[in-house]
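Here come two complexes built around subunit A, the first alongside subunit B, the second alongside subunit C.
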Partner chain A sequence: MSERSVIHDIGYQRYTGIRLGRGYAARSLFEHGVRVAFGLGRSAKAKIFPWIVIGLVTSLALIVVAVKAQTGEMILTYQQLPSTASVLVMVFLAVVAPELVSRDLRNQTLPLYFSRPLARSDYALAKLAALATAVWLLMAGPQLLMFLGSAFTAENASGVAAEARGMLGGWVVATLYALVFSSLAVLIASIASRRAFAAGAIVVVFMITSPVVGLLAALGEGGALSQIAPMFSPFSLPEGVRSWLYGTSFDVGPYGPVYGLVTLLSITVCTLLLLLRYRKVSL
Partner chain B sequence: MALIATQSLTKTYPGGVTALSDLTLSVEPGIIGLVGANGAGKSTMIKTLLGLLTPTSGQAQVLGLDPTTAGEQVRARVGYMPEHDCLPPDMIAAEFVTHMGRMTGLPRTVARERASEALRHVGLYEERYRQIGGYSTGMKQRVKLAQALVHDPDLLLLDEPTNGLDPAGRDAMLTLIHRIGTEFGISVVVCSHLLGEIERICDSLIAIEGGRLLRADRVDAMTTGTDVLAIEVAEGTDELSAALAQRGLTATAEGRMLLVPLADEDTYDLILRTVADLDLPLHRLDQRRHRVAELFSTAAPQPSLEVTHV
Partner chain C sequence: MNMTIAWITARGLLGRRRSWLLLPMPVILIGITAIGLAFEAEAADLADGVLIGLGVAVILPLVSLIVGTGVLGSEIDDGTVVHILTKPIPRSRIILAKLVVAATVSAVTTAVPMFVAATMVGGVRLGLGFGLACVAGAIVYSALFLALSVVTRRPVLVGLLYVVIWEGLLSNVVTGTRTVSVQHYVIEFASALSGSALFPSTVSTAVAGVMTVVFTVLGAWLATQRLRVFSVAGETS
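After this line comes the complex of A and B, so read on.
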């Protein structure tokens, strides 16, 4: 292709139509973010990792459905799916969060966004919402698949209703995971402009907490300390809330509400730090 | 209404660097050249006009709006092309410009149409479905311009648009900017450290140095009445200078030539008569148009202002 492109002389048209505001721009950015998360409209290379993870989580659900159909036994409940898939979800975060935010830092695209009506906080929140939605879909999709499989094998309407209730419970847990994981991952990725560093940092932060929790729990010997210890890992924090709400996970003793509070605090603090990060970002 | 007006605009960065100092100016719509050496405060000025930086003191108005309080409205009507690389290499140009159009509030289908239009106007048409990473510097500069143009702004702020381009690319870019300013009816502020390069497409010039305003005026106001006559004689240059001074003409020496301000047609006669009286061999007598650059260099010494004559 020649470098010296010809400028065709067709008159310029001024635009007099509708101009939608900041809210529309933020919604568009969110939508764009969700598409980026799944590699839609991107090269095949960008699709590989997200879709491998999606494939694995989906096959988890398919196995559950298949076993249920054969034996009638549910080897994994709707609520257990997020925790079983949590390492896969983390891999998804490590791939997608840098894709969403580090890329804009690396390519210095931020000045183009911030020289438009979009506010810095709009940008940060749209990216966070996009990641949380993508992560939620990653878990809620397979849960829906489990429901559809189970509903077909259910004997009567009340059986289907019970499955639906189960799925909704699973969605609540998936929402908790999505919010806790995403807020932390976006915050980490927003600090690193290199994707590889961002991905590594996310894995390190998520993984390093697990042995700490294990150690504390062992020290507590089933006492108060071991009931509190899981709070310190993003992997087990949502599980604690699940126990508090449904009593279906590990023993949290009387600390259920504390889990709820810490979860809320974690999401809030990460989001505020993210907003601060983008307020301070140099252009 | 002035396109851009500032009153005692000052920006001091934390750390004590003063990028803009007590800048007061007012410019009319058109193509405005913002010239100054690297580090003179051009980019700071642009970012302040966009409301991306808050001035330490003083005020600015862009399109009649204050960017510090009405940043959103200002940014909706302004297009900005940064100096540095700012494009995602793995995105397709048409999609990227469409995305940026939506970020400025264009509905989806309109954004797609206008992105194609904008890319066509900057001279990218066939190539627009390729990934930006495979583009040449010249094509990337055009995409940067297209994303600033996609939402049909009332004002374009272009930070060093000719950066990294070869002479032909520079010419094409400047011609394009001139077209945008004249045919498209969009006011443009062009930042450059090369005064000689942009003066020919500009209606007005703002020259800043070390954050201070050197001069802001219309180009025609700067060049009126500034024509000079260059006289070259084979010998007796000093005698001629003295003789001209006696007849009320101030001649300044420049190399082997004498420069005399051209007041009217009589100046020619006066000089010819002086030369004839002294019986000096005249080599040259011609009219030279003062370049804007020379105005600045005589107004204030500014060795750091790089000037290239195109």
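After this line comes the complex of A and C, so read on.
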């Protein structure tokens, strides 16, 4: 008859190492998101669009530094850079936000993520944080460049200190822009599974509001309406807060705190809607 | 022109839920004009701020971009373009059918609300001027964006860069680039057709007319050429 059957020990073992858990997964997803935003670790094709935008914003800062070195005049302050570059930042959002969230929808990888310790809210917040960080770097990097350029041409230490204060103020404004822009963009992109369509939707939402606000502001003729109207466009909302905090942008009258509140509300509502959107993910 | 392809394209474009997202844009245009009139804004402000600033500079290019890259781009994206390419139909007819559908849809979605809004601002003549100018603009943009969707794998992003940077920033700052800016052709057409003095025209009518035809033909020709040597590949990075 046949030989006696045996069970061989081929070395199956339980995993006894450290389980890295939820926090590690969320951190990895965040880190991966930031890398994806700049196309790091991806093919050259994925780098083209983000780096076109980065190049344009950086060249803006370089022009400022060059003019400052030649004439000593600052044609663009640290705080003005985000608003001058805001259209480019919008293009960056249209490139990166769909890359971060729409791809996962299209390739149906979300069930794989959610079968891990990673919670749904972790996924949404990690993606949002990654985009916000990338957008912040897009503006803060050139601001740092402007600071370095100005610091070397400054005459004494107090001049350098003044430049440093200016840059920190610029970073605060950049943070406002990054939070307002990216919370809205991720929310829009998370609804569309096609990257092209998500990009179009982001640009439509951002661009359609600014002529409307422009008209309303012109109608108000410097009155209450023209002080309130800029609230309704993501382009001018952070500018209003800047005006409230530093008094360096358009006239907001007594509505400064309202701008702060609306900004906070806008970020919170967009984030909550984003969390709500990922509560249920159909296959 | 192939009716079957045109029909399939139109159905693919309009039969989906997401195409209804195009609707709010015309509604916003008319709504804002109505609000402006209710606040008794001056006609020149409305023409410059709403009709040109919102209609010609934002809604027309963006609608044309989404529609123009959607007619062929979405088929290339999901690979179903193979079914059309393997049929014995000349590439030029495929492109022509796609172009006609794209231009018709963009023209209807932009010209009708523009006609309504401009009529509210300055009478029927201004309305007709803006409406017809938008039809011309929709045709040029559709040809350009259709060509883009065969030339590059990411037509929407390239189109966005073109709309935002070339049409939006450069053509309004560096005046020399206006002769190659579709936005300024549309403004010129609207100005010439309506005879209105509410807004300044920026290029001559002859230049605008000739360049419009040139760009349309060039776009369609380029799309045909590229589709002839088109290689089907999966989604890349």
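Here is the rule we use: the second predicted complex is superposed on the first by the 267 of 283 C-alpha atoms of A that agree within 3 Å, B and C clash if a C-alpha of one lies under 4 Å from a C-alpha of the other, contacts with A are read in each partner's own complex, and residues count from 1 in each chain.
Following the convention adopted for this analysis, contacts are C-beta pairs under 8 Å (C-beta built on N, C-alpha and C of every residue); 3 or more make two chains touch, one makes a residue touch a chain.
This structure is a prediction, so every number in the text was calculated from the model and none was measured.
By the touch criterion defined above, A:A69 lies against neither subunit B nor subunit C after alignment on the C-alpha atoms of chain A. Comparing subunit B with subunit C, more residues of subunit A are touched by B. Once the two complexes are laid over each other on the shared chain, residue contacts for A:M90 go to subunit C alone; subunit B is not touched. When both complexes are overlaid on chain A, the residue A:F114 reaches subunit B alone and has no touch with subunit C. Contacts of A:A161 after superposition on the shared chain: neither subunit B nor subunit C is touched. In the superposition on chain A, A:L215 makes contact with subunit C only, while subunit B stays out of contact range. In the superposition on chain A, contact is made by A:S43 with both subunit B and subunit C.
Judged by the touch definition given at the top, the superposed model places A:I52 against subunit C, while subunit B stays out of reach.
In the superposition on chain A, A:L272 makes contact with neither subunit B nor subunit C. Within the superposed three-chain model, A:L264 lies out of touch with both subunit B and subunit C [touch as defined at top]. In the superposition on chain A, the residues of subunit A contacting both subunit B and subunit C are 42-43, 46. Taken in their complex, subunit A has these residues touching subunit B: 1, 3-8, 10-15, 17-22, 24-25, 28-29, 32, 41-43, 46, 103-104, 107-109, 111-119, 283. Those residues of subunit B lying in contact with subunit A across their complex are 47, 50, 52, 72-73, 75-76, 78, 80, 82, 84-90, 95, 99-100, 102-108, 110, 114, 117, 120-127, 131, 136, 138-139, 142, 147, 151-152, 168-169, 172, 175-176, 179-180, 183-185. Within the complex, the subunit A residues that touch subunit C are 42-43, 45-46, 49, 52, 56, 87-88, 90-91, 94-95, 192, 194-197, 199-201, 203-204, 207-208, 211-212, 214-216, 218-219. Contacts from subunit C toward subunit A in the complex involve residues 18, 21, 25, 28, 32, 35-36, 39, 41, 45-46, 49-50, 53-54, 57-59, 62, 65-66, 69-70, 73-74, 77, 153-157, 160-161, 164-165, 168-169, 236-237.
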